[in-house]
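In the two assemblies presented below, subunit A is common to both, partnered first by subunit B and then by subunit C.
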Partner chain A sequence: MTRYLLKKAGQMLITLLLIVLIVFIMFELIPGSPARIMLGMNASQEQVAALESELGIHEPLPLKINKYFVGLLQGDLGHSIHFDKSVGELINEAAPVTFSLAMYAFVLIIVLSVPLALLAARKQGSFLDNSIRFVTETTLAIPPFFMAIILMLIFRTTQLGLSSGRGNLESLGFLRKFFMPALAIALSRVAMALEFLRDAIIEQKKLFYTRAAVGKGATKSRILFFHIFRNSLVPYVTALGLILAEVFGGSIIIEQVFLLPGLGRLLVTAVEARDFPLTQGIIILIATVVIIVNFLVDFINQFIDPRLRSSDMKSTKSNFWLKLSYKLKFRGDVE
Partner chain B sequence: MMKFKRKFKHKDKNNQISFIPDAQRAYYRTSSINKVAKLQFRIGFMLLLIPLILFLINLLYRPYDTTSMNMSERFTAPNFSHWFGTDNYGRDIFTRVMSGLPLTIFISIGINLIGCLSGLLIGALSGYYGGVVDYWGNRIGDALLSIPAILMGMLFVATFGEGIWQVIVALGIMFIPSYMRVIRSGFLEYSQRNFVKRLQLIGASSGRIIWRHLFPQIRTRLMSAIALGFANAILAESSLSFLGLGVPMSQITWGRMLKDAQGFLFQAPWSAIAPGLMIVILVLGSFFISNGLKQFSQQRNMT
Partner chain C sequence: MQQDLTKAEYILKVEHLKVVSAQGAELVRDVSLKIKPGEIVGLVGESGSGKSISTMAIAGILPEGISIAQGKIFFNDRDITRISAQERCKINGNKIGIIYQDASQSLNPLIRIGRQIDEVLKIHTDLSPQERRDRVYGTMRAVNLSNVEKLAQRYPHELSGGQRQRVLIAMAIINNPELLIADEPTTALDVSVKSQIIELIKLINFSRKASVLYISHDFSTVKKLCDRVYVLYQGIPVEVGATEQIIKRPQHMYTKLLLESIPSPEKRGQKLLTMKARTRDYRGPAVNCLFAERCPKVFERCRQELPDMFKIDKGHQAACFLFDK
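Then we have the complex of A and B:
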């Protein structure tokens, strides 16, 4: 088990490094002088030269990469030109809003998808199953921002009753205020989670041990919750890890709809003002969170399904993962 | 007794004993899946007919100009002369929605072309050969998949400025790993089969095996992935336009129409609903077609 986790941790570190590299190289690809673009056309030659030397644009590439990595490890994400503040400070102000919104939406996804999947999996191909899947498939096709607009029209309000910044997050009122944005994100992603759990439950129902449990005389609910549900959790939790990236993407858009002071708003401002250090910082932060959560998913799966702990099971499991990979909506396979 | 065992137990390719509860029931299940798949395919096709008709009308005839303003007709509710009403400048929304269609389709086709072709190349190589290509392909794929697609689009816009090609390239790159994984898993599944081993024995070249023998096996699921990718591309592009990034101001896109409509949402809800509904119709149609194709391919694998 330790070996498997170490291997996974190694892969996680490589992925993290690659992301930082991708984001960093984008910065190098800017046509013309980045300092000129950041300062705008009105800046004087001296200002541009000063910023260029501050950013170290004329240094050789390996030196720059080294400098950037050392800065990242020390928690220094650079200095935002547009806001004239350090990037870390700006992110620190905005991140709680985005993360709590994403968490809220995530919880809503779980709360909606588990009972619906249990209902749908009761009988494959039944009217209930087909209608649940039809409705969730339709909500999957509605982009989060249009969902938010529909919700606004239904509830006849655009006001969330927000005070500024972090003050929103400290009381229980947060749950009420953020309900609409979180629901808008969650509704458009429920179908993905639901499909996974439903397929896994149906898959498990066909297996021998379910029959054995029926023969033993266990009650239906006991079979469902103690035998089938636990076994179906592994693909479900894996899928949730992958959905997280989508949830973050959704919350970035939704913040723009409801004017929440989160990372999404900050990012849009940064992109419009072409504030590269801030853009880099936010993208690296979100990608890092997604990757770490996906690593934790592997870790959690080991506790849900002890069979995964012994490495020799992996080869027999591979066929199962392969089948699963196709069900995973277009997001590919899971090792 | 032996006969009974042979009928109900068989070994799959991993040498595991799997259990078929009842041959008859399995048959019925397949046929019901078939029905649902056909139904989904039909619904998807009918939904996609609506944008197709609009596209043809747009080519032949536009009832109003898309940019000229008419302040006397601001916020007209839908009626016979303005089917979807008018917006804050008195522009006809039906015409604007219609004229936004070609650009949307062009962008999503471009995105999927980049994603599919590169994904096919990398996926086929890593699925068939494995090894180093496979490992690094997966790592880069993991890295790209953990960035939400919109963020990559924004990164590209921040770097290269706004423009249609920036959106196509950025989102196209983000779509490579998804295609790569679908194709790779297909190639992995089939490249261990006996027919591939036989082909290798009689000296068929790798290119021939990949293109002539393995590719046709995964064609249906690739088509399903393309339909899904088409839908996802429309969603991603409209999200970027909704944020006001990506496609430049001069072009009409549904995302930007929705963004503008948000300012006068309660005065003129139709101005938000029309472009949003178009996105939903196009995306839902592609989803259904993709689902239908996917079930066909799964059913083929079952038999």
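Then we have the complex of A and C:
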């Protein structure tokens, strides 16, 4: 187990390094000088050149990369050009909002998809199954930002007291204030989570061990919860991992609609201002989250299915196919 | 649980059972069979003869879309043909234990062996966890599994085929059922393990007083194990009798040919008899002798009528017009 963890941690580190490198080089290739934007259109060529050299923009690439990595190792993400603050500080302020929103949406997705999938899978092709899938697939087709506007209209007119205001993160107030943005993100993802769990349950139902369980005298509900549900979790958890990554992406857009001071707003501002250090910092943070989530998915799946423990090959292979099928199924819905 | 004071004459009695698929194919046409308490009865036939489907119907675990169209199944004189799922849950695993053909597919791959055996006790008894554990270990030892404490912590895929089959047997017998249904339990096993499993079933029959319905296509295991044999052909029994009668003096042409096709040391050097291949799988209603197209002694009547069971000897019957006197 420790060997496996070390191996996985090593893989994660290498992936992360590559991502940082690629992001860094990409930003080097983008035209447009941050100094020019900071100083405005009226600044003279000399002023821009002076600021550029102060920011170290014309240093050779390897030197800059080296500097950046040394900084990273010390936990320093650089200095924001636009805000004139350290990137770490800015992210620290904004990240809790985004993370809370994403987790909230994620929990909503699970809470909605599990019971609906259980209901839908009771009888494949039944009226209930079809209606659940029709409704969730409709919400899938509506982009989150548009869903957010619809929700705002609904909740405003019904006076449910669900404001869309800037939230503080205190427990109860947070749950109420973030409900609408979280729901807007969640609704567009429920269909995917549900589909994967439903398909897995239907697949498991066909396997012989469920009938063998009838032979043991197990009741229907016992077979469903003790046997089938648990065995359906591996594809579901894998799908949830992918969804969690997308939920982060979704929250970036939703933050704009609800004016939440999260990473999404910060990122948009940073891109507009050509604030490369800040943009890089945010992208690296999101990439890290995605990598960690992927790792957790593998880890949890091994915990659920002992067969995945014996060979790493099998788990990565089946995960690969699952992810591919996920991408193909929902390819029309890329943010 | 109250015990019947008057023991039923037959532990299992199946009358004119007919099982059809959703498309209307007759998978089991007309099966009647009886098992006395303590008896080991074999059900023999080639694949597609309906032997597995018959047992699934008895155990109430028919796959979706396949249902009992006609007939009755009595367990201890009680009609269990169409009992509710709830009632079924009380019988299965408790009064009727089932051993399946493919152990690797019959166990839940994600649950430890010990817990899967324990589940049967959990469902049917009120024993404390400690008592249950002792009984799980005891039963595992009774089916000749060794190192049971360790084994109970393993997952199905970590066991050998023989071990998995023993686990299934342990699950089937842990509540001392009155009837043990063994659906080709040796098919997936190699020869040495096969005979061990046969001995084990014999022992369970003897020590736990369980009647056994043993399903197989393999006369060599049936010979060792069963008291009486039903030979099934396309969903209809064609010959019934004590194992010795069937093996030594087979009467129906199908049984004869089936027995002739088993290789044995005495037949060394001779060419084995083979049957004409089935031209097609006929699944409609039976109007004439179903074996007619493959039978070497076929005559006019075989193509016109469906033969009844004709008596040959005491307890020995065959469904062939040659014995209509």
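Going forward, the second predicted complex is superposed on the first by the 268 of 335 C-alpha atoms of A that agree within 3 Å, B and C clash if a C-alpha of one lies under 4 Å from a C-alpha of the other, contacts with A are read in each partner's own complex, and residues count from 1 in each chain.
In this text, contacts are C-beta pairs under 8 Å (C-beta built on N, C-alpha and C of every residue); 3 or more make two chains touch, one makes a residue touch a chain.
Computed from a prediction, not measured in an experiment: that's the story for all the values here.
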Looking at A:P306 after the superposition, I want to know if it touches subunit B, subunit C, both of them or none. Which is it: first, second, both, neither?
second
Could you let me know whether more residues of subunit A are touched by subunit B or by subunit C?
B
With the two complexes superposed on chain A, say which partner A:S44 touches: subunit B (first), subunit C (second), both, or neither.
neither
So, does A:R230 touch the first partner subunit B, the second partner subunit C, both, or neither?
second
Is A:S221 in contact with subunit B, with subunit C, with both, or with neither (first, second, both, neither)?
neither
Mind working out whether A:L207 is in touch with subunit B, subunit C, both or neither, as first, second, both or neither?
both
Determine, under the contact definition given at the top, whether A:I142 touches first (subunit B), second (subunit C), both, or neither.
first
Go through subunit A and flag every residue that touches subunit B in one model and subunit C in the other.
207-208, 211
Contacts from subunit A onto subunit B in the complex sit at residues 11, 14-15, 18-19, 22-23, 26-27, 29-31, 124-125, 130, 137-138, 140-146, 149-150, 152-153, 156, 158, 206-208, 211, 242, 245-246, 248-249, 252-253, 256-257, 267-268, 270-272, 274, 276, 279, 283, 286-287, 290-291, 294, 316, 318-319, 322, 325-326, 329-333, 335
So in the complex, which bits of subunit C are touching subunit A?
59-61, 63, 85-86, 88-94, 98, 100, 102, 105-111, 119-120, 123-124, 155, 157-158, 171
What residues on subunit A touch subunit C, complex-wise?
207-209, 211-220, 222, 226-227, 230-231, 304-307, 310
In their shared complex, at which residues does subunit B touch subunit A?
12-14, 16, 19, 21, 29, 32-33, 36, 138-151, 154-160, 177-178, 180-182, 184-185, 188-189, 221, 225, 228-229, 231-232, 235, 238-239, 242-245, 255, 258, 261-262, 265-266, 269, 272, 276, 279-280, 283-284, 287-288, 291, 294, 298
